[in-house]
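I am attaching a structure below and will ask some questions about it afterwards.
Labels run A, B, C and D following the written order; every chain starts at residue 1.
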Amino acid sequence: MHSPHLFETTLKVRDYETDSQGIVNNANYLHYLEIARHDFCESRGTSFLAMHSMGLDPVVRRIEIDYLQSLTMGDTMRLTIDVERLGARFLFKQHIYNAATGAHVVKADVTVVVLEQGRLSRGDTVASLLSL
Amino acid sequence: MHSPHLFETTLKVRDYETDSQGIVNNANYLHYLEIARHDFCESRGTSFLAMHSMGLDPVVRRIEIDYLQSLTMGDTMRLTIDVERLGARFLFKQHIYNAATGAHVVKADVTVVVLEQGRLSRGDTVASLLSL
Amino acid sequence: MHSPHLFETTLKVRDYETDSQGIVNNANYLHYLEIARHDFCESRGTSFLAMHSMGLDPVVRRIEIDYLQSLTMGDTMRLTIDVERLGARFLFKQHIYNAATGAHVVKADVTVVVLEQGRLSRGDTVASLLSL
Amino acid sequence: MHSPHLFETTLKVRDYETDSQGIVNNANYLHYLEIARHDFCESRGTSFLAMHSMGLDPVVRRIEIDYLQSLTMGDTMRLTIDVERLGARFLFKQHIYNAATGAHVVKADVTVVVLEQGRLSRGDTVASLLSL
């Protein structure tokens, strides 16, 4: 199936990710978003580990996240990623949907910069590795 | 000591909260911010559990978080909270500082709404409980 | 492929599960073992949530776990499960292997009892649901 | 207050450590036990980080843990540590109690060995650092 997004993946809620209200704790959505970004890198033939060994370290500088709906134990989610380059920054526009109902769960804008040998770079090498 | 903030607390980084780069994983800062909000509630003589038993559920709707510096294993942090009411929303203006160096680690704006018996409310009961 | 085990599944290490030494933190293996047990239940057509709604709650009473090797970021693991019934107890004999190298990572004996309506039971209903 | 144990500390349950049943997830007790061991090291004037920088890495080889009671959101726990040396192994005998009720929550035997420059050692340097 063709997706209108740069990348899509799915994940399932793990029981220990829910809190005493039976819903996924807010912090875990940041884990889900990070996993999706890692999976995106692997879909492009690289990884954070591979980039790190080349002296390239993508670092999250800012996250804006809207919690629209909750996920609960047993739910499966669909995660989408699109990326915009804004100068030296990569803006990951990410969304999470409940895979069963289609409900929009989370909207997040994640700003990433790239350190090269520990120094802020323009990110061209990473952009090239990720075909962005 | 008098603080210029509504509330202050301290926390120490736990080893398992760091990732393979030896620095605290982004998601854990949301845990720290949440713990600070819980501690604030307790400083006002209530708790999320107590409010829940009264049918009051504060829910995070949006987080804007800037990652300015990293914390690493063994670090202690100072967390500050100030709160503004904007209509039915509570805006928690939170900061995290490295307790040893004073470095500004995280700046976060956390928007919270209050459900009463499961329905969106103006939050007046919670505001009163928290003396806001 | 036929497995000599009652159940097998695979999981991939997530970056935030590693600690400052770059290896998976000990506690996360308990998560992996739990996920494998949940997946086993689903392979038998039920789930902890479904059992809970029937008043059945499997509860871990004891774990013996040997850490033989470490997993690191990017590793994929193979998890196997076998089950023995010992009176009212279910003994889950679980193993984790590095999927790429075959190295034996973890050996764990997990003792589970079943509460029915909150009371210790002989577990016959759960055994039947899981075809044990 | 004099304790009959080698070391004692207290911790409070964090909301995100509970699962959908409102009780602390099994894996988190391993975190609590680890935090207690780290605090013990600091009470002796050293730390895992300091030992690591000296080429000394204590590594958990085996855990036997009995789950006797559950902790829930808001609970405070008391953790005790005693240590026995068995050849090259350090056996940490650890207990967790509900601080409010005194209920015995967890009993754990944690076997630790020490790597020196990456090789299994007799652990004499660590024993000396920890006054064991």
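Following the convention adopted for this analysis, a contact is a pair of C-beta atoms (placed from the backbone, for glycine too) under 8 Å apart; a residue touches a chain by one contact, two chains touch by 3 or more.
Here the structure is a predicted model, which is why all the values come from computation and not from measurement.
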Shortest contact path, chain A to chain C, counted in steps: 1
Which of A-D and C-D has more C-beta pairs touching across its chains: C-D
Identity of the chain that, by mean CA position, is farthest from chain A: D
Approximate Å spacing (C-alpha centroids) for the pair chain A, chain D: 34
Distance between the centres, which are taken as Cα means, of chain D and chain B, whole angstrom: 28
Whole-Å gap separating chain C and chain D, where each centre is the average of the chain's CA atoms: 23
Sites on chain B at which at least two other chains make contact: 15-16, 20, 27, 31, 34, 49, 73
Touch list for chain A against partner chain D, complex: 15-16, 18-20, 22, 25, 27, 72-73
Residues of chain B that touch chain A when the two form their complex: 20-21, 26-28, 30-31, 34, 49, 52, 57, 59-67
Complex interface listing, chain B residues touching chain D: 14-16, 31, 34-35, 38, 47-49, 73-74
